[in-house]
Amino acid sequence: MTELNVALLGYKFMGKAHSNAYRQVGRFFPGKYQVRMKVICGRDAKAAAVAARQFGWEEVETDWRKVVRRKDIDVVDVSTPGNLHHAMAIAAASNGKHIICEKPLGNSLAEAKEMLQAVEKAGVKHMLMHNYRKIPAVAFARKLMQAGRLGRIYHYHGAYLQDWILDPKFPLVWRLDKKVAGSGALGDIGSHAADLAQFLNGDIESVTAQMTTFIKERPLPDTVEGAWGARGKKGKGRVTVDDDTNFLARFKNGSVGVFESSRFCGGRRNFNTFQIYGSKGSLAFNLERMNELELYEGADPPGEQGYKTINVTETVHPYAGAWWPPGHIIGYEHTFVHAIHDFLVALEKDRLPEPNFYDGVKIQAVLDAVERSARAGKWEQVKNQ
Amino acid sequence: MTELNVALLGYKFMGKAHSNAYRQVGRFFPGKYQVRMKVICGRDAKAAAVAARQFGWEEVETDWRKVVRRKDIDVVDVSTPGNLHHAMAIAAASNGKHIICEKPLGNSLAEAKEMLQAVEKAGVKHMLMHNYRKIPAVAFARKLMQAGRLGRIYHYHGAYLQDWILDPKFPLVWRLDKKVAGSGALGDIGSHAADLAQFLNGDIESVTAQMTTFIKERPLPDTVEGAWGARGKKGKGRVTVDDDTNFLARFKNGSVGVFESSRFCGGRRNFNTFQIYGSKGSLAFNLERMNELELYEGADPPGEQGYKTINVTETVHPYAGAWWPPGHIIGYEHTFVHAIHDFLVALEKDRLPEPNFYDGVKIQAVLDAVERSARAGKWEQVKNQ
Amino acid sequence: MTELNVALLGYKFMGKAHSNAYRQVGRFFPGKYQVRMKVICGRDAKAAAVAARQFGWEEVETDWRKVVRRKDIDVVDVSTPGNLHHAMAIAAASNGKHIICEKPLGNSLAEAKEMLQAVEKAGVKHMLMHNYRKIPAVAFARKLMQAGRLGRIYHYHGAYLQDWILDPKFPLVWRLDKKVAGSGALGDIGSHAADLAQFLNGDIESVTAQMTTFIKERPLPDTVEGAWGARGKKGKGRVTVDDDTNFLARFKNGSVGVFESSRFCGGRRNFNTFQIYGSKGSLAFNLERMNELELYEGADPPGEQGYKTINVTETVHPYAGAWWPPGHIIGYEHTFVHAIHDFLVALEKDRLPEPNFYDGVKIQAVLDAVERSARAGKWEQVKNQ
Amino acid sequence: MTELNVALLGYKFMGKAHSNAYRQVGRFFPGKYQVRMKVICGRDAKAAAVAARQFGWEEVETDWRKVVRRKDIDVVDVSTPGNLHHAMAIAAASNGKHIICEKPLGNSLAEAKEMLQAVEKAGVKHMLMHNYRKIPAVAFARKLMQAGRLGRIYHYHGAYLQDWILDPKFPLVWRLDKKVAGSGALGDIGSHAADLAQFLNGDIESVTAQMTTFIKERPLPDTVEGAWGARGKKGKGRVTVDDDTNFLARFKNGSVGVFESSRFCGGRRNFNTFQIYGSKGSLAFNLERMNELELYEGADPPGEQGYKTINVTETVHPYAGAWWPPGHIIGYEHTFVHAIHDFLVALEKDRLPEPNFYDGVKIQAVLDAVERSARAGKWEQVKNQ
């Protein structure tokens, strides 16, 4: 067993989820590499220390530039808001660290491309944390599609809907600030929808989009509160990101795509869904019931066709066998454990983990085309080359 | 009780559904007017005679021009393919007949406007048969919205998906011929989605769209077969309509719309769905479970929020009380009975039934903008004035 | 085409449903026999006259004994409360009439047996109106089971739950009076559950049961109100039937049964459900979604097993092809149309319709054993011979 | 922070689940006590050593009698098959250890009572691991019921259905051997259904039951395989436990109960469900969708009543706030983390954790009455005093 020293930059929601993954991965997916949770880094020394103790990190740092230069660190995990990804990942790469980066890769297509160049140049391993690929039901959906079980794909619908800022009194947290977050619903959740689409159905070639901000001003937060990380001072401020972004797409394989992302859909707490329609079959998925996959097969006998609800918790399903017997469901944080497991296996086999910065550029290229289209009012090509 | 003599033009799928409605309406919704099923009209005398006997019509005609001139006819019901609506409705109007017209009103916006002018000029009553408005759950959804229960609307999703031409060997029936049908998925089912959207959420102002034909050629049908009305000769022919049409929309009230219509979605037999998200609540509906409506209310206490599945079969629900006790569901054809009931009540109260040719022009204006947008690759305004 | 003169005894809920079936059957299931709705009979001449006009009957009678003796009547339909079935059916049989009888056959096993003897002796056709057998999904379930698709049956669960008397202020209608209704939840809805069980899984051999009356007294109704037929005077009266009856059963084929029937299950408007588990597969059904059947097959590949939701509206499904294209659902009253259709076909082919009085005795024998078991506190044999 | 030394007896399925709980509890529910995973104990030294390393235990032992006598152990966790619970728990108690015991408490009511006497006499804390009480949705259901939200309870249905031994070739594992497991479906899963029922609806007073063994003989297992723990030699052996047990019940509060437990229900992987019907509302739960609770309220306005699906992942819900933001679901193993958290809090506050051996006796008394009833063929009283 080889120890692998990890440094985690960021300690909020994603920091908590990544920490759990590092702790748990060896317990359920033993392999060559044993993660050592070396150091966690945050600007607020006190809060970082609390996180370190709570999440199980050996040391605390407040200067990320120092961390990425440390000789004893093998892997740098970038789990900060999007505006810091670019600098952190490039610095980590130039110091020869393997990198795990939260999505979105950068806050712009240009940033993402530079980050990719940096890791290519440095020859390090890189992973983009699009954790929803690692859901057994999603990974199984891909297996079915790659085996041709759906035939030629005609129609893809991806919708990621939430409702956590539906209340106009919800404060102006960093995720509503374009300078920090890059974009709103689009980058935060639309990026997940786009990634799943490209993971399952291949590249998107062109899009037409609309981006909308329903609530233009919000109260400035005056306290750190809740899981979503509000902080700040009193008064009101301008929302500079989209509340709701939808787009139509054309895929390389000739199929059509319809995408919705919104934080204004009441009752949709974490409604990341897709339906995929092909010449031979269909699939449907909903993150709120993430242990289930619905499969329709046109080859079923007449009168016996219909959507089958598969409980994706069997040993034959991706990842599922490592956990509990069939029918015993897993939850949100398990997706990160799977991702870290995949990362470790990639290191062990000396190959690139998936998804990686190449995928990050592809997703960013879609988001970029969506933003251009929303401004121009017409179809735009995705520039992912 | 006053007798009302009806003539029905067309005797296929819609003819069967309308005939049932005329027979049943007085049994469950007794009123001033008693429908007399006077004459059914079809070009094929023998087939029309079979239909007359089967559906309960007194007489058979083969020449519709003669029918619309008959003195003893009060109401002309146009249930033929779309390319005949324009001529039939205008002729009926000019003969002073009240008109019930199957959707789409015409095969183009221009046709629809001329038809509207004709009925306005003639001063007759006119109804457009958008039967899905008459589903208790849909009519109840509208009541809730009009009472402000959803607050300000942010996001509307309408999808009408079917799969009946998914098989490339399915023949080139009239619904796949632009000259007869006007358009494909768009006019046939997208029009229903657009109508429900405007019924529930008000006028659509602009759209951006994509229209796709996946299977370009299909076998020419050589027999009359099935409910969908295939007929013709051997060989192959070109599909001249869209298989799949999607569009984004902007509503007059500031909300955004996302629309899907496709006949290529395996396992979706008659999947006419909407989800509506407002500041105070949300609604969700699926035609395949048409007796149910899902309601979410943001004002529910924290921890007790969620979608409630209402079985819309109570006496307090629109139309439902006329049928059976709560929990005893109704089906597809009941929507036509409700529509005819509404038509008779409008006649009795001397007001215009709903939806009518004004709505028909509005829907056609949306379809027109969708087609223009799909050609131009950019947003187009809906010209419904 | 041969005319068949029908007389209907009763004009309330079941009268309305049966009348609709007689009107509609020839429209969707044309056959040799054409029903003529000759006479409807009710003690209240005025109410019966209203029903006649509303439902489409030619004549009105108030004395059922006169009706069953009329020479011009071919079929007598007994749709009155249960306490009248015995006398009416026996009189009709002795006058050589074919009989359609609402369930339950009689108000006791002894009555049911005498009724069977009477029709056997008279040599007339007899049908028991257990309409839920005639749901396409249920008839299809039986086809699958008879084809051995579920293998050896292990476990059967049938629950028919409603909530219409949950309110203690709901009045003491005839269905809560043992003298008229025979029993409460057991005879009214438990009988449906038992009938479906024996239809699908064969005879029940023994049972252990509990019968409970939660609300012992209710207000006497002072008006005719609602679909459930309240009528009477002021004050309070004793509920003499069961509110809730459950039983365990052993089937002849070795499988076990668990049955629930209750009118006290809030939110279950008409929740008639079954789940059937066999060595090869499982089935699940819910009347509130009566167009759907869920099928599980153990032979599906590992990782692809699950319940498939079949929309039972295809032409290959029983009855469904006569109505509308796939995906266009039907409702409650269609089950009666199917039943009358089956009755007419049986007449045409000179065979006994199903279910008939033999089935009626079998169901009554189960109810009888349930009542004996509830009294004795131990298992009881079903005496259906 | 105070260290608490735990010894775990058993290292299979439950050992894995409990180990995870000890590792995770402090990460998500920090408190006074910090668990130290001191020693794991199993008869097979090698397998136990693997488990220790995998699950994170400091030491390995093969003699449980030695473990329970160790001075440095504060808590003994009994996670072995049921036949060992009695001896282990009594020995642990007599050595003054706090005890966490997997369900069922003992393999008979007599054993359970002796175990309770032992812990009472020793004055130690004791917990019974009925983990499903600790699901947020279940704990929330109880809160609603205790607040009177359902009113007077009328009808309770609990069904725990699985299908893992449906295949007659599935081997004769220890869970099918009465000497080791005590009983089959009844003790393994029926006990969960009974515990949830008593947790939510109070004591059961009497029952009538049937217990069935469908497959009387099975192959003797010749290898350790799968999560369910098969091991042994070649040939065939007799199944000595029930495959399927159902019972009717009468609760102390006057409500009726219907219970199903079976391992022969194809497609039900882990279908632990309840529906509870009261005068004011209803609840429904299904373990396969354990993050959801369905709530019906009779006080909702007419026409707006229905089952509401609550995603029980909000901070106001029991346990949920410690994990992830609303809508991010948790899984099976989290229930054990919650249980251990409750245990630690009880220690901290010096009160008895719940459920405990008193509950264990109560459950065992129900199982005992069920077995007696199944033998006697009549109703039996529950002897839980």
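Miscellaneous remarks
Think of it as A, B, C and D in the order they're written, each chain with its own count starting at 1.
Just so it is clear, a contact is a pair of C-beta atoms (placed from the backbone, for glycine too) under 8 Å apart; a residue touches a chain by one contact, two chains touch by 3 or more.
As the structure is a prediction and not an experimental result, all values here were calculated from the model.
Listed by label, the chains that touch subunit A and also subunit D are B, C.
Set side by side, B-D and B-C show the greater C-beta contact count at B-C. Here the spacing of subunit A and subunit B, counted between their Cα centres, is 41 Å.
In terms of their C-alpha centroids, the spacing between subunit B and subunit D amounts to 54 Å. With each centre defined as the average position of its C-alpha atoms, the distance from subunit B to subunit C rounds to 36 Å. For subunit B, the set of residues that touch two or more other chains comprises 268, 305-307, 311. Only residues 13, 17, 20, 23, 27, 30, 54-56, 162, 164, 226-228, 268-271, 288-291, 311, 313, 323-334 of subunit A touch subunit D when the two sit together in their complex.
Here subunit B touches subunit D in the complex through residues 140, 295, 300, 302-312, 314, 316-317, going by the rule given at the top.
The part of subunit B that touches subunit A in the complex is made up of residues 154-155, 157, 159, 161, 166, 168, 208-210, 212, 214, 243-244, 246-248, 250, 254, 256, 258, 260, 262, 264-268, 275, 277-282, 296, 298, 305-307, 377-379.
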